[in-house]
Amino acid sequence: MTFHVYLSGEIHTDWREQIIAGAEGLDVVFSAPNTDHASSDDCGVAILGAEDNKFWHDHKGAQMNAIRTRKLIEEADVVVVRFGEKYRQWNAAFDAGYASALGKSLIILQQPEHDHPLKEVDAAALAVARTPEQVVQILRYVQTGDLPVG
Amino acid sequence: MTFHVYLSGEIHTDWREQIIAGAEGLDVVFSAPNTDHASSDDCGVAILGAEDNKFWHDHKGAQMNAIRTRKLIEEADVVVVRFGEKYRQWNAAFDAGYASALGKSLIILQQPEHDHPLKEVDAAALAVARTPEQVVQILRYVQTGDLPVG
Amino acid sequence: MTFHVYLSGEIHTDWREQIIAGAEGLDVVFSAPNTDHASSDDCGVAILGAEDNKFWHDHKGAQMNAIRTRKLIEEADVVVVRFGEKYRQWNAAFDAGYASALGKSLIILQQPEHDHPLKEVDAAALAVARTPEQVVQILRYVQTGDLPVG
Amino acid sequence: MTFHVYLSGEIHTDWREQIIAGAEGLDVVFSAPNTDHASSDDCGVAILGAEDNKFWHDHKGAQMNAIRTRKLIEEADVVVVRFGEKYRQWNAAFDAGYASALGKSLIILQQPEHDHPLKEVDAAALAVARTPEQVVQILRYVQTGDLPVG
Amino acid sequence: MTFHVYLSGEIHTDWREQIIAGAEGLDVVFSAPNTDHASSDDCGVAILGAEDNKFWHDHKGAQMNAIRTRKLIEEADVVVVRFGEKYRQWNAAFDAGYASALGKSLIILQQPEHDHPLKEVDAAALAVARTPEQVVQILRYVQTGDLPVG
Amino acid sequence: MTFHVYLSGEIHTDWREQIIAGAEGLDVVFSAPNTDHASSDDCGVAILGAEDNKFWHDHKGAQMNAIRTRKLIEEADVVVVRFGEKYRQWNAAFDAGYASALGKSLIILQQPEHDHPLKEVDAAALAVARTPEQVVQILRYVQTGDLPVG
Amino acid sequence: MTFHVYLSGEIHTDWREQIIAGAEGLDVVFSAPNTDHASSDDCGVAILGAEDNKFWHDHKGAQMNAIRTRKLIEEADVVVVRFGEKYRQWNAAFDAGYASALGKSLIILQQPEHDHPLKEVDAAALAVARTPEQVVQILRYVQTGDLPVG
Amino acid sequence: MTFHVYLSGEIHTDWREQIIAGAEGLDVVFSAPNTDHASSDDCGVAILGAEDNKFWHDHKGAQMNAIRTRKLIEEADVVVVRFGEKYRQWNAAFDAGYASALGKSLIILQQPEHDHPLKEVDAAALAVARTPEQVVQILRYVQTGDLPVG
C-alpha cells in the first residue's frame, strides 16, 4: 500500500525535508514541484529564449513548471499544501483547488492566524495540520494504524 | 449558444455589476457565490447552531457555501476569477484551480502588479484581463464575433 | 439556478413533505424514491412474476427500484439523506455513499444520538442538519443568500 | 492477474483473517480499513488536538480514516462488505454505495436474517455470500477457474 | 422527471409500438434506431456512393447508423433491448454491452427459451421482461409508483 | 431528438451556408467557430492590448477563440470537419483529434486528392463526405431515416 | 510497451491457444474469461448454493463470472472478440459493446459468412481478422512494426 | 518519477533519435508511432488482405496503426508533436488535438515560419520548442530541476 504524496506550496522553509525525514520507513513516495526559486522563475526563457515582456517571461516559465506539477498531482493519493507566513501563495491555493476537483485527499498545513482566510480551502480538506510532524503522524497512521505515543 | 459564466473572487468592488450591465443583450447567464460578507461568514452557525470554536464556525459556513459554488462552477462554461487589491483571496485561487481541473475556460481579471505571484494561475487561463470591460468584450466576441470598435 | 434535490432515506414520517412545503417559492425541484413501503417491496414480483424464494422476490424489487433511484441521484445537485429513529436503513447509507462517489453535495438529516455511528457518513457531507426546517434554510440560503431571521 | 480486494465492514470477528488465510496461494492483494476500534475513533484528536465537542472529535477521526479508505476502495477490483450481527454499520453500507458508484465488483457477506433490509445493497452486488469460505471460493474461482470439490 | 428510453433490438414485430402506446400519458421520451431494414442496410452507399465490396457497403452503413444510435444511447436513462425469435441479433447484444458500460439502466425483453444464452446479458440488467406490457408497467412504476391492478 | 452539429475547418467557401440551408426543416442546431479571418486573427490584441511579438499576438487570439470552440465541440453530438483545397488547416485536424478523443461522431468533408494524407483523420470518422449536400443527407437520414430519392 | 489483450468469445476451438503460441516472444499479456463450459455455467450454485429456478442458477453464475471479465476488459488495451460457427454468442457481442464504450481497441475475429449480421460490431472495430494468425500478425505489427514476410 | 513521452509527427528526419540520445540518463520512457513509411502505409492490406480501392487500403492501415498510437498517447504524460518542413501532417495535428482533449501536457516542436498556421495548436501546448535539444532541456528540467548551463 504505497502512498504517493505531493508536497505543494511554500518553498522558503524546510518543511518538506522534515516530513520526508519523519516518514522514513513508511511506504510513501514523496514528490514536489521544483522548489528552487530562481530556476522555477526563469526556466521558460532559459530554455526557450528570452522575452522582452515580463508577463510572457513568467508565462513561459509557469507553463513549463505545469508539465511537472500536473503529472505529480494527478499521480498523487494525498496532496499536502503548505501555506507559509509570507507572500500571497496563490499557486498553493490553486494546487489545492486543482487537487480537490480531481478527488485527491487534501491535507492543509497552516498556522491558526490563517484559519479564516483559508476556510474555503480547509473545508475541502480531510485534515488541517499545524506542524510537519502532524503530517508525518497522519501518514503513519493512515498507512500503519499506529498513533503517536502520548 | 448560451454561455454560463461564473464570477468568482473579490467581493468589495462592483466589478460583477459592471460585467453584467456591460453584457446586456448577450446570451449569457451569470452566476456568482454569495457576495454578502456577513452572511457568507455566518451561514453555517446561523442555520445549524453556534460553535464555541471559531475554526468550526468557519468550517460549517465554508462547507455550506460550497453547496452553491461547486454546482455553479460545474455548470459554468467560463469561470472569471477576479483578484483585487487587498486580502489574501485564497478562495479565488482555489476556485481557479478547481475550475481548471474540470476543464473550464478560465479568464483571470487582475492588475499588473500581481502578474508575478499569479503566474501559475494565469498560465492555466485562456485570457488575462485588466478591466471588467475587457471581460465583457471577450464574452461579446466569443459569442457574436464582434470586436470593440477601435 | 434551479437546484435538483433528491430526498433519500426514512419513509415513515412526513419529513419530505415538510421540506417541500417549506421550500415553496424556491427554484428547487425535489425528487425521491418510491416511498410507499408495500409497492416498493413487491414491485418486482407484481410486474415480472412471483418468486418462491424471498431473496429473489426482494432482488427483483430492489433492482427495479434502482432504475428510478440511480437516475434521480445522478441528476441531483444535492442529496439529502434522512436517518430516522428505527430500522437499519442501510439503503440510506448506501445512497449516501453512492452520491458521495459521484461528487454530489450531501446533506445528512439525523438526530444527535446517531452522531457516532454516522460519523463516516457525516464526514462526507457538507452539512449535518437536525430538522427538516434546517434543510429548508440551507436550500434557501444557498439559492438566495437569505438567512433565517433570528 | 492480481486481484486487489478491499475488505470493508464489521470489525468484531475474524472474518478478514479467515479470508486472507483461505486465499493463501492466490494472486490477491488484500486491504482493509484500520480495524482497531480505539485508534479508529480517536486518531483525529490524538494527532491534531482534542475537541470539546464530541461531534468534531468524531469528524476529525472519520475524515482522517477517509484518507486511507478512499484510496483503497479506488484501487480495488473487488470490494467485499461484511455486515455483522450487531451495530448499525452504516459505514459498511456507505462503502458499498461508494464502491458501487465507482463500478467496483461488490461481494456482500451477510446472514440470511438481514436479506430484507440489505436488499438494495445486495441488488448492487455481483455475489451475496454467507461465509468467509464462500468469499475465498469466489476469489479462487474468478482467478483460477477452480471450483470447490463437492 | 422525464425518462429517456431507448428501444434497441429486434425490428420485425411491433413491440416498440406496443410499448409507446402503452406508455401514453407517462412522461417518457422514446427513441429508437432506424427500424427500416432496407434503408438501414443501404444508407451508407445511398448517400456516399456505391461499393463493389459488400463488406465496405455494410461498413459505411453501419458507421452511419452509429451516428444516431450512439447519441441516443448516451442520452438515454433506460435502454430496453429486445431479443426476438430469429436472427443472430448481435447488434442488440452489442448495444446492451455498450449501454451497460455507460452505466445505463438495462431492461432486457426476451422469451424464456433464450434465458441460458442471454444469461450474461441478463446479469447486467435491472429487469428481464417477457412482454412489452411488462416493460410499460416497469416504466409506469418507476415513474409514478403505480403497480398494475391485479 | 435535436442534433447539435459543429462545423469546423475551412472558412473560405460557403460550405457552412450550404449545409445550413440544406438542413432547413431538420431539428439540427448548427454552430461554428468565428469564421471571419481578420477578427479571428486579431481578437486577442484588439481586446487585451497589442503585442510586439507576433507569436504572442497569435497566442492571445488563439486562446480567446478556444473559449468558443471548446464549448461548442463539447456540446456537439456531431462534428463536421471540412478540409479545403488550400492552406495547412492544422486547426481543422486539431479539432478532429480533439472531438475524437471526446467520443464525438466525426464527419470529414474533403476531396479525394486528400484521401491519403487524411487517412488517420478519416479512420477516426464515421463518415467521409465529398460534398456539403452529402453531409445534409447524412444529417437528414440519421434524424428522420429518409434517404435521398435516387 | 506491454500490450494487455483480452480474448473474448467462442470457447469450442483452440483459437486462443493459437494466438498465444503465435505471439510468443512479444511483450503481450493475454487474458480470457473462464473457458471451461461446465464450471462457467455452474460456478454460482456450486459456491453459493443451489437454486430451484434455472434462471437464478444462470444469474448467479453469470454475475460471478462478471467479476473476472469486467476487470480483465477494463485492464485491456486490446479486446479480441471471436465469433464462431455455432451458437448465438450474445455474450461475445455484449463484450464487444462493453469494450467499445470503454474506448478499447477492438479486433473482431470472424468468418465472412457473418459479415452482414456482424456489421455493427465490425463498424466499431479497428480490425476484422479471419484467422488467429492474422491477429498475431496485427499484435506483432503494432508492437514491433514488423509485417509478415510475403 | 518516470515520465512517459510520446513522440508524434514528422518521420523524415532524425529528431526522435536526437531527443532520445540527449535524454540519456533521465528517467524517461519514450514511445512513438511506427515511423517506417512503407509498412505504416501498407500494414492493413499486408495482414488482412488487399483492397482494390485505395481509400479502403488506407483505411485498414490507418485503423491498424491506431491500435498502437491510441494506447501510447493514453499512457503518455507528455506528448511532443513535431511539425516538419514538408507535407500536410494532418495526423500530427490530429494527435495534438487528441492528446489535448485527454489533458496531456503538449510540447510542440516547429519552426517559426509555421507559427501562424499552428497558432491554435500552440495555444493548447505548454511549450513551443524550436529544436530537439530544447525538448531535451525541458524534459531534463521538469524531471530534475536542472537548467542548461548558459
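Letters A, B, C, D, E, F, G and H name the chains as they come in the text, with residue numbers starting at 1 for each one.
Just so we're on the same page, contacts are C-beta pairs under 8 Å (C-beta built on N, C-alpha and C of every residue); 3 or more make two chains touch, one makes a residue touch a chain.
Computed from a prediction, not measured in an experiment: that's the story for all the values here.
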| said: Suppose you list every residue number at the chain G-chain H interface; are over half of them used by both chains (same) or under half (different)? | reply: different
| said: With contacts counted as defined, which of the two, E-H or E-F, has more C-beta pairs across the interface? | reply: E-F
| query | So which chain is the furthest away from chain D, centre to centre on CA atoms? | reply | F
| For chain A and chain D, what's the span in angstrom between their mean Cα positions? | 31
| request: Could you grab the centroid distance between chain E and chain G? Build each centroid from C-alpha atoms only and quote it in angstrom. | output: 23
| task | Among the residues of chain C, pick out those that touch two or more other chains and give their numbers. | result | 63, 65-66, 103, 128
| remark: Given the complex, residues on chain A that touch chain D span 1, 3, 77-78, 103, 105, 107, 126-130, 134, 137-138, 141-143, 145-148, 150
| Of all residues in chain E, which touch chain G in the complex? | 54-55, 58-59, 61-63, 65-66, 83, 87-102, 112, 114-124, 128
| said: Quick check on the complex: what are the chain G residues that touch chain C? | reply: 51-53, 56
| field | chain F - residues contacting chain B, complex | value | 31, 34, 36, 39, 42-44, 46-49, 60, 63-68, 70-72
